[in-house]
Structures are given as structure tokens and as C-alpha cells.
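Two complexes are shown next, each including chain A; its partner changes from chain B in the first to chain C in the second.
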Partner chain A sequence: MAKHHDANSEPARSREGLLKQFFNATEIDTRILGMIVALLLVWCIFDVWSGYIRPNEGLFGGSFLTPRNLWTLLVQTSSIAVMSTGMVLLIVLRQIDLSVGSMLSLVAVATGVLQVYQLGPALGVGHPAIWILGVLACLTLGTAIGAFNGFLTAYAKIPAFIVTLGGLIAYSGVAFLLARGETVAPMDQNFGIFGGGIASSWLGPFWSWVLAAVGCAAIVRGIVNGRRQRQRFGFPLRPVWAEVFLAAIGSLATLGTTWVMNSYPWPPGVIEKYAKSNSIAIPPGIENRDGKAICMAATQVVHCNEGLIYYTGFSLPALIAIAVCMIMTFIATRTAFGRYIYATGGNPEAAELAGINTRALTVKAFALMGFLVGVSSIISSARLNAATNALGLTNELYVIAATVIGGTSLAGGVGTIYGAMVGALMMQSIISGMSLLNLPAAYQNMVVGGVLVLAVYLDQLYRRRVN
Partner chain B sequence: MIRNALIALTTGALLVSASSLPAMAAGKTIAVSWKTFQEERWKTDAAAIKAVVEAAGDKYIDSDAQGSAQKQAADIEGLIAQKPDVIMVVAFDSDAILPSIAAISNAGIKSIAYDVQFEDPNALYITFDNVGVGRIMAKEILKAKPAGNYAFIKGDKGDPNATFLFQGQMEVLKEAMDSGKVKNVCETFTDGWKPDNAQKNMEQCLTSTGNKVDAVLSENDGMASGVVAALTAQGLAGTVPVSGQDGDLAAINRVAMGTQTVSVWKNSVELGKTAAAAAIALANGTAADKIPGVAMFDGGKKKVKMNSILLAPTPITIANIGDAIAAGHITKDQACAGVKGDVMGCK
Partner chain C sequence: MAEVKTPLIEMRDISIAFGGIKAVDRASVDLYPGEVVGLLGHNGAGKSTLIKVLSGAYKRDEGQILINGSEVTINNPRDAKALGIETIYQTLALADNVDAAANLYLGRELRTRMGTLDDVAMEAETRKVMKRLNPNFRRFKEPVMKLSGGQRQSVAIARAIHFNARILIMDEPTAALGPQETAQVGELIKQLKADGIGIFLISHDLHDVFDLADRLTVMKNGRVVGSAHVKDVDHDGVLGMIIAGKVPRGATPGPGALVG
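The block that comes next holds the complex of A and B.
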């Protein structure tokens, strides 16, 4: 047995060497690569499985890998994804915020009451100031509550676990009292653009392509700039082929995502309403019940293959999540604030001795978390077109799970923003996919819980092997 | 017909109280053991009961168990010590309460199971017909869409009510489903009855069926808000009938806008008034089975036969919104916000 192994080890090593060379040259995080591969695998399994139950137009004949489902998936993920980026920084700092779910309910209900019961009657329903004030109120209130949590943790020296556990219980009580447990609805019409449920919150193919082009340019520029900086400071450079490879992969991913988003047509009912309210003529055509466009057959509006059709492109909530990911990555890796967080999380005593004001840093990190909860509360309440005290319930668990699945260590000091985004996407993929298969929520919870533990276990194995 | 149900209920309850009031001596004591005042609605019930009891010249006493079965047992001992004529109990735990109910009977006091059933043959059980809520939902939706693909957005798996409601719906739909006119295309439980979970489930249902959903039976109004949001995103809101229950203010507004078909409303003021009138009748020596509206009920877990009054819930549809406004449940501004066109009650 041993001999056999010896005989085969030589070519294996050189092959592994090649792969290792490749990863060293491109500096790709193999951990995140593994997660993305796992995510794609999950998507494929769901597509095959759902196709087995009910054939549809997905890549493998199912319902999962369709532009429509992937588009919806991004919208469904956005709220949790936005919050998980803030949670990464808190956990890296060796803190935690268990109150984000209740905070989201509180912020949503408070600003819902403001919009629907105060501003609506005062300014007249649909007044453009309502949505602006609503957004500002969400962000301000979220930041204030977050800062309050941070203050209690940093200056009153109460452990964050306790402060935010108290918040988890207390904030939902406040949310309940504010609206007496009732659902506040409907939200302001203009506010709806943040939810992705109405045509005005869809970017459309043209601007989506423009944005994609800007994105590709930014990737290329970033790589070129990075190379220059390294040259300036005499750091080791990536080989040119690796730089080109990275630019190509980044651009392809951006363009591919955009292409998928641009392939999702407006729902026929929405096209019809849009055409009617803007008096756009609907062309005549032949009826096809599965068609995506609409036509006139005699005097009736019907579905057809060739007719009036629009495509959605990126939705605003998905764009917000992507923008938050980029800004937060910048904050985490390129600002003093971000570097201090990693330094303090890695070794609090050393950081303090080095002159970092760790208390103020903690307050700022919690306030940032609160701000992001404000952003998520805008997305969630706009999406539901209602605010209820059940809106954020159990969200804290999903946010922390997304962060941990994304590779953030609860011991502090380690974690990435994009990892948490992939973690959030992974979790929502499982929930949405199982929902497509009509599996009950109880199974969804079981699988999500299992994936959480498995992800941390694999992470441990990976770290042990790398070290 | 449905339009007048609300008014009929009000007058019905008043008749019950009126018939038992005259000629009877006042000065009786009616006690209530509440399971909790955490939820706003129980205060509404309490106010309604107190008003009827005091109007009859009787005394009202109560206690709040604050969501604890142990405290409720102690509360009931305390109430028994004050020698009331009738004790109404909103049980926190319908099994753990039984020894306390036996103690009430042993002390020669009449008991009423208010809203929550406990299975003791000596007690009078007063509640809304819960399976009936499911039936009413299905009837209203079937009326709006007699054939097609139905989606079922059920409540939390751990809540027996979610299953009762579904049973009621199935009773009504059975014939149409057997003949193939109605097809069940999606059926999901919703974790925690959460609106945003209902929205996601509805989105996935629409995705997997390619929008071929003709009607949605959502088991409450909160989830209906999620369902309507999902339908709106596909331009289907208003064309696909949606059910709900609770008489949420936002839901009544959706009914007025035409995006929700029905919200089945359990008016707790009616429940309180009816129970108070029955309690006064019991206190004055009327036998439980002689109280108007009482029938035998054995639909509980252990199939114990009990005297009971099952109130019919009120379906609020676009046709009787005016009545909900007239009953003071919702203001006209709240019900009609953003309503365009001709809606009865919003003019």
C-alpha cells in the first residue's frame, strides 16, 4: 500500500504544485473560492431537483437557475446581506449585536408610524418630502440606537452580549407599543422604490449595462493602480498573466450578472398597467400562454412571444446591497477606522497600548451597525409595503449565521465583508430553493442550521491544513 | 346578507343581555381570571365585560395571570375566596387549568371558558367558531374565483390554529377540488406567521408556477400583506383574490383598495358582551342550556361535551366596509386612505 502511494506521489505533487503556483500568483482566497463553488453546486442541485418536480426553463430544466429566480434571490438576500457587513466588523472587534432584528422592527415601525400616521395626513399622501424624511428617520434612528448599544458596551462596561440581549427583548417591546401590535400600511408610494417590488425600482437594461461597464473599468483601474502602488513601495508583484486573468474574471462575473438581471422581463401584468397608464400602443400578435411579452389578440390583451416587453435590469435593493458591500470593504481595508478594528480584534491590549481609543472605536462600530440596520429596515419595510413588529424577528440569527458561514471568526480579528455577503447568499439560496421545492419551513431551518455548523467545521479543517 | 352580519351581531348580543336583565335582582359578582394583559385585545374584552356587568348593577372583579399557569391557579384561589357567583377563565394552559376549574365547581360557583377552551363538562364555553373562520375564507374566495389554481399560505406549523383553519378551508373546497375545478398548486406553512416569510413563500410559489396562481388563501391579515406585496411585484394584485383574518386596519384598507378580498373579523367587544350577558344569566340561576344561543360542542381534544356559544365571525369584504366604520372598529380615513373609485362606505 505504502509503495503504491509512493509510486503515485510524484506526479501528484507536481500537479498540486502547479495549482499552488496559480493561487499564489493570483492571490485568490481559496477559502472564498471554495464557498463560491459550493454555492454554485447548491444552485445546480436545486435547479435539477425542482425540474424533476415541475419542469421549467432553468439551466437544467428547473425553476432555480432562471433569471427570474436569481433576480428575486438577490432582492430577498439584500436586507440580511447589508446587516451582515456591519456584523463582520463587530465580530472582528470581539463584540456582537444580538439586537439587530428587534432594532430593525423598531426602526421600521417607528418610521412607518411617522410616514403613515404623521406625515401622510400632515403633508398629504404621496408628498415627495415623505419618503425623504422617512429614509432620513430610518438612518438616524438606527445610528442612534446602535451608538446607544455601543456606549453601554464601551463606557458602562456591560458586555455587548448582555447589552444587546437586553436590546433584543426591549426593542421589540417598544416596537409593539408604538403601533399597538398592529401592521402599519401601506407605506408611502415613493418609498416603495427601495423594495424592488415596483417598476420604478428597476434600473432597466441600458443603465444596468452602463453600470456594468463602469464596474469593469473600476476593476481594471483598481488592478492597474494596485500594481503601481506595489511597484512604488517595492512589494512583490503578481505576474502579468495573473493580473490579466483577475481582470478578466472580475469583468466576466460583472457582465454575466448584469446579463442575467437584464434577461428577466417585467411581469406581463406590470407591462400592461405601464402601457395603459402611459398610453403606449400594444402591438397585435398571436397568443401564447407561456409567452413573456403582451400583445393584442382582437380586443384582448394576451401573453405572446413577440410583442411589448421590457426588462428589469438590477433592482434598487440589490444595488444597495452591492454598494454597501463595496463601501464596507473599502472601510474595512483602506481606512484607519477599519484597520483599527482588525488590530483591536486581533489583540485588544496591544491596540490600546499602541494608542487606539478602543472605546470610541467600539461606539463607532456599533453606530455603523445601527446605520446599516436603518438601511435594511428601509429595504424590508419598502419591500413588504408595511411595517410590523414581526418584521425583523429572528433576523439577528440569520445575520450572525451569514457572517459566520462567510468565515468570520467569533474569536475576533478575522473576517471579510465579501465572505459575509456570500454567506448571506448561501443561506437565502437554501431557504428559497427549499421553498421552491415546497418543503416546509421546519426542514429549511434544519438545513440552514446544519449548513452553519458544517461551514464552521470545514473552516476549522481548512485553517488547520493551511497552518 | 354579509353586509348586515355585523349589525345583526351587535343587536343579537344586546338582546341576550336585555332578556336576562329585567326582573332579576342585582348585586351579583362576576369574576374574570385573565391569562395576560400583554396583548392589547384582552383590555378590549375586559372593558366590554365590565361595562355590561356594571350596567346591570352587578360587581366586576378580575386578576391578571401575567402569562403564567402557576399564577393563574393562585389567582383563581383568590377569586374563589371572594365568593363571586360566576368565574370566567381565559386559560393560559387549557390542561393545567383543570384542577382550578374543579375547585370552582366544588365551591358551588359557575364557570365560563372564555375564548380558550378547557374541557370541563360543568363549564360554559364561549368563543368564536374557529374552524368556521377557515370556512368563511374559503367561501369568499370560492365566490370570487370558482375554479383555478389555489395557493395556500398557512400559519406556523407549531400552532394548531393553522391546521384548524386549513381544515375549515378544505371542508368548503373539497367538492371543487374533487371535481378538478380547484387545484392546490402551492401549500406552505409560514414560520412564526411572519409577513416577510409569507412574502418569500408567495414569491417562490409564483416563480415555480410561472404566475399561474388564480387565488390565495392566506390564514391571517399579516401574511396577506406579504402575499399582496408579492402579487404586486408581478402586477397581479387586485386580480388574484386573497383571504385573511383579524380585521387588521391595514387589511381593511387593502379590502377597500381591492387587493384583498376578505378579512374575517372576530370582534372581541361582541365576545365580551355575549359572555358578560351569559355570566349574569348564570349568576341569576338560569341553567346553562337555557341561555339563548347555547348548543352542545364536542370538538375539543378529548371530545368532552360542553354547553357552548359559538359566535359567527364577520367577513369584511368590499361590500360591508361601511359597517366596520359604523361599528367604530376603524375610522373612515384609515379604511379609505388611497382608495379610488366607487367603494361603498368610502364615499
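The block that comes next holds the complex of A and C.
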């Protein structure tokens, strides 16, 4: 947003000095920067606070800034984060979907019933086709329900708030009926890789580093390409130091995240099972309660600090969330579909007059939301290894809260995908942090609700200052 | 204009009603290449509604639209644009939250070979067009809501003329402009006329119409009061048509003319 001032602020520039020049040159969105700083601050506070209660190996002696907690945080955030990217586009389009939580339950239960009661007995438990069909069913059903919501909104002209409020109530009823009120479990064992709870859903340090290297290369390539394009047309360029700075920051963030993920060891129980089933020798050692590894004390397998140890690297749900964030950012900024969503949200009448079929656009946006609910239902049911009609309960509130904390305006036309991701992380951080402090769930709800309202208030103050 | 036989566009007996109220009642207008036709009338006279039928914003209940003598179907703005009919709306109809290039190309974006938006090419083209229309325009990266009234107007005009329009509809194009910018729009209209583009100019301002238009048509209560060549009538005569529906000498009466 800082870049919007450069045309009319020649005298102001010298007055406001270096910091302003820096933001102008790098074109960093100061709003998102503020959110990231706030997020890091929250993390530090939780780490210090939890350290007072029970010292641990965190950065400031607490339990929050540990690889284990940050790794878990990413896994826990992934389901909400995936859905919030779709909610950004809907809210930008001046629509809303209140039914995502119930839709998630319905999709999970319906495909759970398919996996457990239909495909399992028919194909034999553990058949490789089961998880593939399960995934396809989730994505298809989600997309279909989303498109149905969109159709009622766009063509029957029922306000989205009402359509999806009805969906919120009705879809959970359907889910209850399908599951007959029971928990559908266990899911197919291969399906479990989407939950991040089993060894096969962890990428491991080597491939995590490879992925990080690819990510860094893509960042550099993107910056070089963008510069070349602008050069070709003779547009104003960013200073070279700003380009180098952006490439360095992007790469450092990628490598840092990877390093943290690669520092989280497998839980000892999982190592033990893995070692036994692959007949890997367990080295001898002395038991240690805070152990990350396993070793043999006499004839017993025990927890150790040094011994047999594996590191998880990125988990599949976290990777899915990161991939969804990148794809959705691409859709929002680089495709005509995304451009139409923003333009229609900014001025629906103008979009209509420009020849955009805003009704079809609305259906597509809702269908995309439904598809992402399908993705999240895969993550959620795989993580729980079960589907229940309460699986997505209150998810709609967290998805909308993450979107709004991330700077999406309910008036439409304004919002970013990465903002919603940071919003989702912020909310999950507060929930996780407060559970680390052993504060009751009631306090968690109070704080999350307060943060939502505070975030929107601060955002308004910020916008007033910028404009 | 007399030597051109077929009108570029002819709207015959157009009617449209909203909730039982006839906003436009059997109105007919025509337009020849390189001609400016002024549409005059009070607020609610039906001129904007008639023109929105042509631009595809409204669908007519009755009547025909002919381009170069053959009947065409216009059911939505896309149809109108495909026929080379471009409109500059009084409200400008800009998406305020996106930049000038995104507005210029809204609905007909340039794509890369991969099918993604070619923002760089669109910005380059926008810079070229704006250089011609408004050489002082610099704020290509900002959402148009941050631009001044004149700058926004020039974006709307650029959008209308960039895609080889044959027929241009201008709804109160100078309402939000200062004297200098108004003069610029006048110059632009003369330039477009020379290119053979037909222009419908909707205006409250008699002076504008007398300065820029070749012919004028006056509407009242949804009906055409009369039409005239600008040189055959004077200000008072036109005012009489607008206010009382009285058709002066030199003008051709329409179905809405005051009888007697």
C-alpha cells in the first residue's frame, strides 16, 4: 500500500525518510508486514509465558517456539487455512458461505461411509483404489454442494447469507442421517497420509530440503522474470538492492521454515514401530524422559536423547495448505477468473456492463469454495482417522474469522490469499498457545473473539491513515 | 450526411417498461457514420434508458435495432460490444478497486500463451492509449478510486475507444469535468467523428449539444418529441421541445409531440 503514495508525495518523501523510501522501493505490503510482526510477537509472548510455567527447549525457554509445537501448529492450521483461501474470493465477490463447516462434516461422513461401508467390503480392506476413490469423492461432492449453493444464490437470487445459513443447518442434518449418528471409523489406512499423523505422510529431511531449494529457485526466477518483463516494456524498475533484498528474505523464510520442520523428530513410539517392522537395530543407551529417540536399556526399548532418531520434515497436510495458498494466489492474481472476482466485488454493475457473466462467476466461486471444503474434509477426516457429523462443527466461524483477520473486507473488492493464511495461523497460534498454558477452552474462545474484533478495528485505523 | 443512404444504426419503435411504467414508448432514432446525434430531455425523459437498450444493459420489450440496414440482436453488453457499440456511462462504470489497465481491458483481457493474464502487455497498451488521451496520466499502478474525476473519466473514455468502436454512446461525458477537460473531450469527439465513428451524445447541456452535435433528438415522458438538424433550430426552439413538447419550425415531429 505504501507504493500508492509515490506519485504525490515528493515533499513528504524526504520528510518521512529512509523507512518510507525502503517500503516504496521494495513494494512490500506494509499491512501484511504488520500482521506477520504481530504473529511473531504472539509466538514470542507464548514462548516466554509458557517458559515461566514449565521451562522447555523453546527459543525463549518455553514450549511454544519449539520445532514440535510449530510443526503441529502447521498441521492444525492446514484445514482452516485451505478453506479460508476460498472464503477470501467469496467475500471479495460480496458473497459469503456460512455452510462450510456443515459441508465439511457432510462430505467427510458421506465419503467415510463410502470408504468404510461400501468400498472396504467390496474391494477388500486396504485396496489401493479405496483412497483414490475416497479423495475423488470428497472433491466431487464438495464441488457439487458448493455449486448448488452458488446456483441458489446467483440464479434463484436468494441472498448467499440465507442460502448458506440454511446449508449450515441442513447439511449437518444430512450428515447425521448418513452416519446414523455414529462415528464412521476407521478410515482406509492409505487415506491416512493426508492427516499428517503417520510416518508415510512425512516428507523427511532430504526431500524437504530439495523442496526448499526448488522454492528458493522459484522465488529468484520469479523476481528475475518480473524484472525482465518490465525492462522489455520500459516500465519503471525496482532498485537492484530491493530485488536482492526480496529474494534474500523470501529464500531465508523458506529455508528457515524447512529447518524448523526438519528439526522435529518422529515420536519415539513411531520410531519403535518402524524399527521393528523394518528390522533396524536399536542402539543401546540410557532412558531419558524427554527423549526424542529410542534406545535399548537392557532388554527394554526406552526414550533417549541420543539413539535411533528420524526427523519428520514437512507433513502432507502442511504441504497441501502451502500448495493451495500458491495455486489460489495464482488464480486470484494471474487469471481472468480472479480478475473478474475482484472487479465484480469492487463494482458489480460495472462488471456486468463490461460483459462479465457475473452469475456464472458466482456459481464458479461457490463451486471452488466447495472444492476446497472437499480438500479440507480429506485432511480433517484423515487426521482424526474417522468421520463424524461434528467434524466441521464451528469451522465456518474460524474460516470467516481467519479471512477477516487476514484483511479481507466484508464490503467486498479487497482481500488477499496470503493474508487469510496469516490470519488462520494467527488464530490457531492463539488457540494452541493458550492450551500450552493450560487455560480452559472458554478463555480461548474469549481471546479469539476479541482478537477478531481488534484485528478489524486496527485494520480500519490503518486504512484510514493510508487513504 | 445526405449522400449516405443507410444509417449506421437505426432504432425503430423501441419500447421498454418497468413495472407497468413505460420508460421508453415507441422511440425511434438513427445515426450515420461520422455523425454526432445529441439526445436531449429532462431527467426521466427516457434518453438514458433508450441508450441502455442499445448498449445491452436493458433488454427491449418491443422494437428493432438495425446496424447498416440489417437487424441485430442485443441481449447483453457482450452482444453490443461484439457489434462495435461502446458506451461511456454517466457513472463511468469503473471497478474502483483495480487499476487503469485492468479497467481498460475488463472483460477482454490480453492473455499470455499460457492463458494467464498478460498484465505487462496490458499496462504497456494502457500507457500508449493514455499518452494520447491524457498525457499527464502517471498513476498506472493505483486502483482507480484514488484518481481524480478527470483521470477516471479518461480511463472510461480510453476503454470505449480502444477496441475499434463503430458506435460510441456518451452519457453526460462532461458532467464531472472542469472547463479544460470539457474542451479536451470536445476535441476528442471531433477527432472520432473524422474517423467515421457515429456518436450518441446524451447531455443536459444545450451548449454542448449545439457545439458538438450535427443533429439532435428530444425526448419527453419516454417518447420522441422531435428531431432536427442543429443548424435548423435555435436554443429557444429546443428548450420548447424539452419543456413543453412543442415542435418548432425546422424540426421533424415525433410521436411525443404536443398536438395542436
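Going forward, the second predicted complex is superposed on the first by the 450 of 467 C-alpha atoms of A that agree within 3 Å, B and C clash if a C-alpha of one lies under 4 Å from a C-alpha of the other, contacts with A are read in each partner's own complex, and residues count from 1 in each chain.
The rule we apply is simple: a contact is a pair of C-beta atoms (placed from the backbone, for glycine too) under 8 Å apart; a residue touches a chain by one contact, two chains touch by 3 or more.
Being a predicted model, the structure only gives us computed values, none of them experimental.
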Item to complete: In the overlay, answer first, second, both or neither for which of chain B and chain C A:Ala441 touches.
Response: first
Item to complete: Examine A:Ile400 and indicate which partner it touches, taking first as chain B and second as chain C; both and neither are also allowed.
Response: neither
Worksheet entry | Greater residue coverage of chain A in the superposed arrangement, chain B or chain C | B
Discussion item. One more residue to check, A:Asn385. First (chain B), second (chain C), both or neither?
Written reply: first
Worksheet item: Is A:Leu372 touching the first partner chain B, the second partner chain C, both, or neither of them?
Response: neither
Worksheet item: Who does A:Val125 touch here: chain B (first), chain C (second), both, or neither?
Response: first
Worksheet item: Of the partners chain B and chain C, which touch A:Val82 in the superposed model: first, second, both, neither?
Response: neither
Discussion item. Which stretch or stretches of chain A touch chain B in the complex?
Written reply: 50, 54, 56, 63, 66, 68-69, 72, 76, 120-121, 125, 180-186, 195-198, 266-273, 290, 380, 383-386, 388, 390-391, 393-394, 431-432, 435-436, 438, 440-442, 444-445
Worksheet item: How about chain B: which of its residues touch chain A in the complex?
Response: 39-40, 157, 186-197, 199-201, 203-204, 207-211, 221-222, 225-226, 228-230, 232-236, 239, 248-251, 253-254, 333, 337-338
Discussion item. Looking at the complex, which residues from chain C come into contact with chain A?
Written reply: 55, 57, 76-78, 81, 87, 89, 91-98, 102-103, 106-109, 111, 115-117, 120-121, 123-124, 138-139, 141-143, 146
Discussion item. Quick check: in the complex, which residue numbers of chain A touch chain C?
Written reply: 3-4, 7, 229-230, 232-233, 235, 330, 333-336, 339-340, 342-347, 349-357, 413-414
